[in-house]
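Report on the structure given below.
Should a chain be cited, it is by its letter among A, B and C, assigned in written order, with residues numbered from 1 in that chain.
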Amino acid sequence: MKKSGLFFLLTITILLVTTGSLFGTETNSNNIIADVINVQKYNRSIHVMAMLLVGFGFLMVFVRKYGRSALTATFLLVSVAIPMYFIVTGGTEGNIDKLILAEFGAAALLICAGSVLGRLKMIQYILLALLFIPCYAFNEWIVLFGGFGLIGKEVFIDAGGSIVIHSFGALFGLGAIFSLTTKKEYETTVESDETSDRYSLLGSMVLWIFWPSFCAALVAPADIPITVINVVLSLCGATIATYFASSFFRKKVSVEDIANAALAGGVAIGSTCNLTTPTIAFIIGIAAGTLSTFGFAVLKEKIQKLIKKTDTCGVLYLHGLPGLLGGLAALVVVKSVNPSAQIFGIIITVIISFISGLIVGKIVTILGRVAVPYDDKEELEVE
Amino acid sequence: MKKSGLFFLLTITILLVTTGSLFGTETNSNNIIADVINVQKYNRSIHVMAMLLVGFGFLMVFVRKYGRSALTATFLLVSVAIPMYFIVTGGTEGNIDKLILAEFGAAALLICAGSVLGRLKMIQYILLALLFIPCYAFNEWIVLFGGFGLIGKEVFIDAGGSIVIHSFGALFGLGAIFSLTTKKEYETTVESDETSDRYSLLGSMVLWIFWPSFCAALVAPADIPITVINVVLSLCGATIATYFASSFFRKKVSVEDIANAALAGGVAIGSTCNLTTPTIAFIIGIAAGTLSTFGFAVLKEKIQKLIKKTDTCGVLYLHGLPGLLGGLAALVVVKSVNPSAQIFGIIITVIISFISGLIVGKIVTILGRVAVPYDDKEELEVE
Amino acid sequence: MKKSGLFFLLTITILLVTTGSLFGTETNSNNIIADVINVQKYNRSIHVMAMLLVGFGFLMVFVRKYGRSALTATFLLVSVAIPMYFIVTGGTEGNIDKLILAEFGAAALLICAGSVLGRLKMIQYILLALLFIPCYAFNEWIVLFGGFGLIGKEVFIDAGGSIVIHSFGALFGLGAIFSLTTKKEYETTVESDETSDRYSLLGSMVLWIFWPSFCAALVAPADIPITVINVVLSLCGATIATYFASSFFRKKVSVEDIANAALAGGVAIGSTCNLTTPTIAFIIGIAAGTLSTFGFAVLKEKIQKLIKKTDTCGVLYLHGLPGLLGGLAALVVVKSVNPSAQIFGIIITVIISFISGLIVGKIVTILGRVAVPYDDKEELEVE
């Protein structure tokens, strides 16, 4: 495996050098205002990158003894997903919108990775990324960009990706864990400790902070203020709701709930972030925080027992259910919604994500199984 | 309490759904340049949010064994403060300036919370937030927005909030600790360790980094470069001064001084950040860093012994005194200053903050006392 | 020493007050578009500041027991470097470009400090900063700004600083360690542990995230999208290559490689970031990640044995070699390159940096030696 790795790198490099046009070539605008608006988009792309690496990365560090692997995996997943998205969708052409779309794909991948975290070798994370991105781009093409003419272009309401990013990633992960949880792994408890908990809260806060930029990444300048205020209020609502719901559903408040369910407001406001009012956004946040906490505190154990599989980070309860809530909320709160297109888009996403997750999970097992789950020692030099 | 929490959430939600206009409705601009400038403001609002959550949050993680609670409290304080500020001041109307003002209120609240940190239950942090914001908005209205006609609108010099944010928060906290420190709590030492110290330095650095955006948040585009350079130089001055002053006042350099007093430059430059020169800014920074270190190294113990109360994070020495220094500096360094208005505004702020702190502290005790101070076990599930 | 520190601060302050014009005075633009573009530059300057403090700072926290000192040193180095750069180059005049150039100087200084990390007292870091910046500015003036007429202004290709920032800092550090490593220090192993490793990955991620802003900091708005995409792809390439190369060169993957070599893509793309295509950028990243990992995994031990000196953070392998690779890459991938100027600029930088490093290292030893290397106890209050 070792030598093949370097050989593989060499081959890719030679291929790139000889063909020399994998990612397309540059195009410039001639309009200074358009340039300035592009620079503002690039700025949001940096915020999204902070969410991908520090946000998702550190949120996953809560697994004690697996923190260094979680961060290494995050690095690799992002680094494979972005070029892969460019390749699959036909080059960058110096287009900042394309970079943001690639980052959205990486976000969905990281969500999916959260469900199998600790049970894959690094090379398996890489394979997961290579296989996930085409499935993700295929669904995005159908639901958002008019692929096959099933849903008109720009008809489906999902500016912040409740459905195409969050639900897709979570349900793909749900499919994948059917192949990617052995009996032994299911019986191993995923443990956290004080230090890893605080890292996890750091990741959570970074996601919370930059979430408005995630939702507003591709929104027109004039709509950004209202989008940002909606996202902030939804996050506030979810955070408050999470505290009360966590007290209610458990004996004591759980750090896992706080670090995760507080973000459900961001997940659920995604679809309607640029089309609703602050008050409605606050309500969506409260609902999402409550639903997500219910998921972590009550559903998680029940579902895991039922299917005998482990969803390491509980992505179904942070991204899956709140994402669906957000996509469905558009039916109620957006006047201009096309209900059949909205429902159809959600159903397509659910089907494609779950089935492709099942298949990809199966393929990934070809590369073997980890010896000890949730342990840095599996692959890293550890003193 | 538990069931009442969820019931409370439900009531709020129903109320919001039926009235449906708590936070006002959207207004759009029709001018692309105005839009672009608004997007730049939103960008600074994100920077301020990073300061609120990761900055203030992690700065407070220095309390060993209370880190997870400090971060949970930070989440809740911010999530209550922002909507509360919108409600108290009459809706958002999709206005990004309003979001920034709400974040300023949350900053003042977090400063105040630093003085009582570790001695409140989560529900008490929430109550503190609900009561703090109206007092804060009242003072802001009088001092900055011409309330009661006492000080003309835009006469008081305080773009970066040395007085209305930092001094207000710190002195409110000083008032609050009179009710919110029991004898037992006063006698309990607040401890830090290596890991919590490094987290605290992370919070400190995040505050340092984004402080220019805090001060420049509502400054006009043309004045932003000079504002930013002034703030950076003041922070540099304070950081250097802190090192020398800490060596001077103590046997060895204290991480507490470095993590805190280095930021005093940001606090003190607040009032004059957009109206002074880089050289003066550097001097203000040196003065503030020295004063703040003197506070932490010398005054803190003396004052705590005198009043038999604990200011957990020493906010009086980071925000209180350097804030007053900053507000008074405007008298010397800004030619266009209205001296009587400046002094009057400072006095009003001192009085309102301290007295409302005393009263609110008293009210918060209605919800009881923590069993063990400075301990995550009080309310969190801890393995 | 203690009293002299405070006296020193006092003297500086009095001097500044009496002269009152150390950093120049403000100049405003009258053009709103120019203002908006300046605000966008300030925004990138904040991103670069995040790299300086949290990025470089936490990357250096990997040294167990020295984390608090590393962060304190980072604070001091930045706080001395920025005003010093302003002084040496003749004031700020409210110019945001100057702030960014000062931050570049601070970045080079932090790189250099990485090689001697743990073996200097705080006052020696300060002295290092005071002496480094003039040397840095001198080289920058010759290579980039037409100093002595040796190389034409804006002829040398290095927008993102592969040569003038990264190679300069690393080779200055290489020179400095000849004086700044005692035999005892050379024989002391630099140790990391699980917590410090995760901090180090946090620093690494922050650098990765904001690297596009570092390279694009002074690039014109129209060229920013392609610059950003090139930098991101180079980082992706380097990260993937690092994983494969680390598996290849070692028994297990090393966290040190991941945290460091993944960034080599950012270092190496610096020179050509705004002038090449995404495909070439990806190739440069793969080459840089492989080279850097080879440096950490193979060269580092050999070179340290050869010269009997310690390069604490291995900056030669992260910044030195990949920086040279990046500067030389311009010869191949940029059509408009002036080859003799490019080669001449690289040679000048190598000579100036190494020799001034040797001399400055010698001068710094005047202030003595640390008692115990790599230990917070040397100067900090530690419980």
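By definition in this document, a residue touches a chain if its C-beta (ideal position, glycine included) is under 8 Å from a C-beta of that chain, and two chains touch if they have at least 3 such contacts.
Please read all numbers here as calculations on a predicted model, not as lab measurements.
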Chain B onto chain C, rotation angle from CA fit, given as a multiple of 5 degrees: 120
Numbering shared by both copies at the chain B-chain A contact, with half separating same from different: different
Euclidean distance of C-alpha centroids - chain A vs chain B, Å: 33
Junction residues of chain A - those touching two or more other chains: 33, 36, 40, 43, 195, 202
Parts of chain B lying in touch with chain A, wherever the complex brings them together: 1-3, 5-6, 8-9, 12-13, 16-17, 19-26, 28-30, 32-33, 35-36, 38-40, 42-43, 45-46, 49-50, 53-54, 57-58, 61, 65, 67-68, 71-72, 74-76, 78-80, 82-83, 86, 91-92, 94-96, 99, 122, 126, 195, 199, 202, 376, 379-383
Chain C residues within the chain A interface of the complex: 33, 36-37, 40, 43, 47, 191-195, 197-198, 201-202, 205-206, 208-210, 212-213, 216, 221-226, 228-229, 232-233, 235-237, 239-241, 243-245, 247-248, 250-255, 258, 262, 277-280, 282-283, 286-287, 290
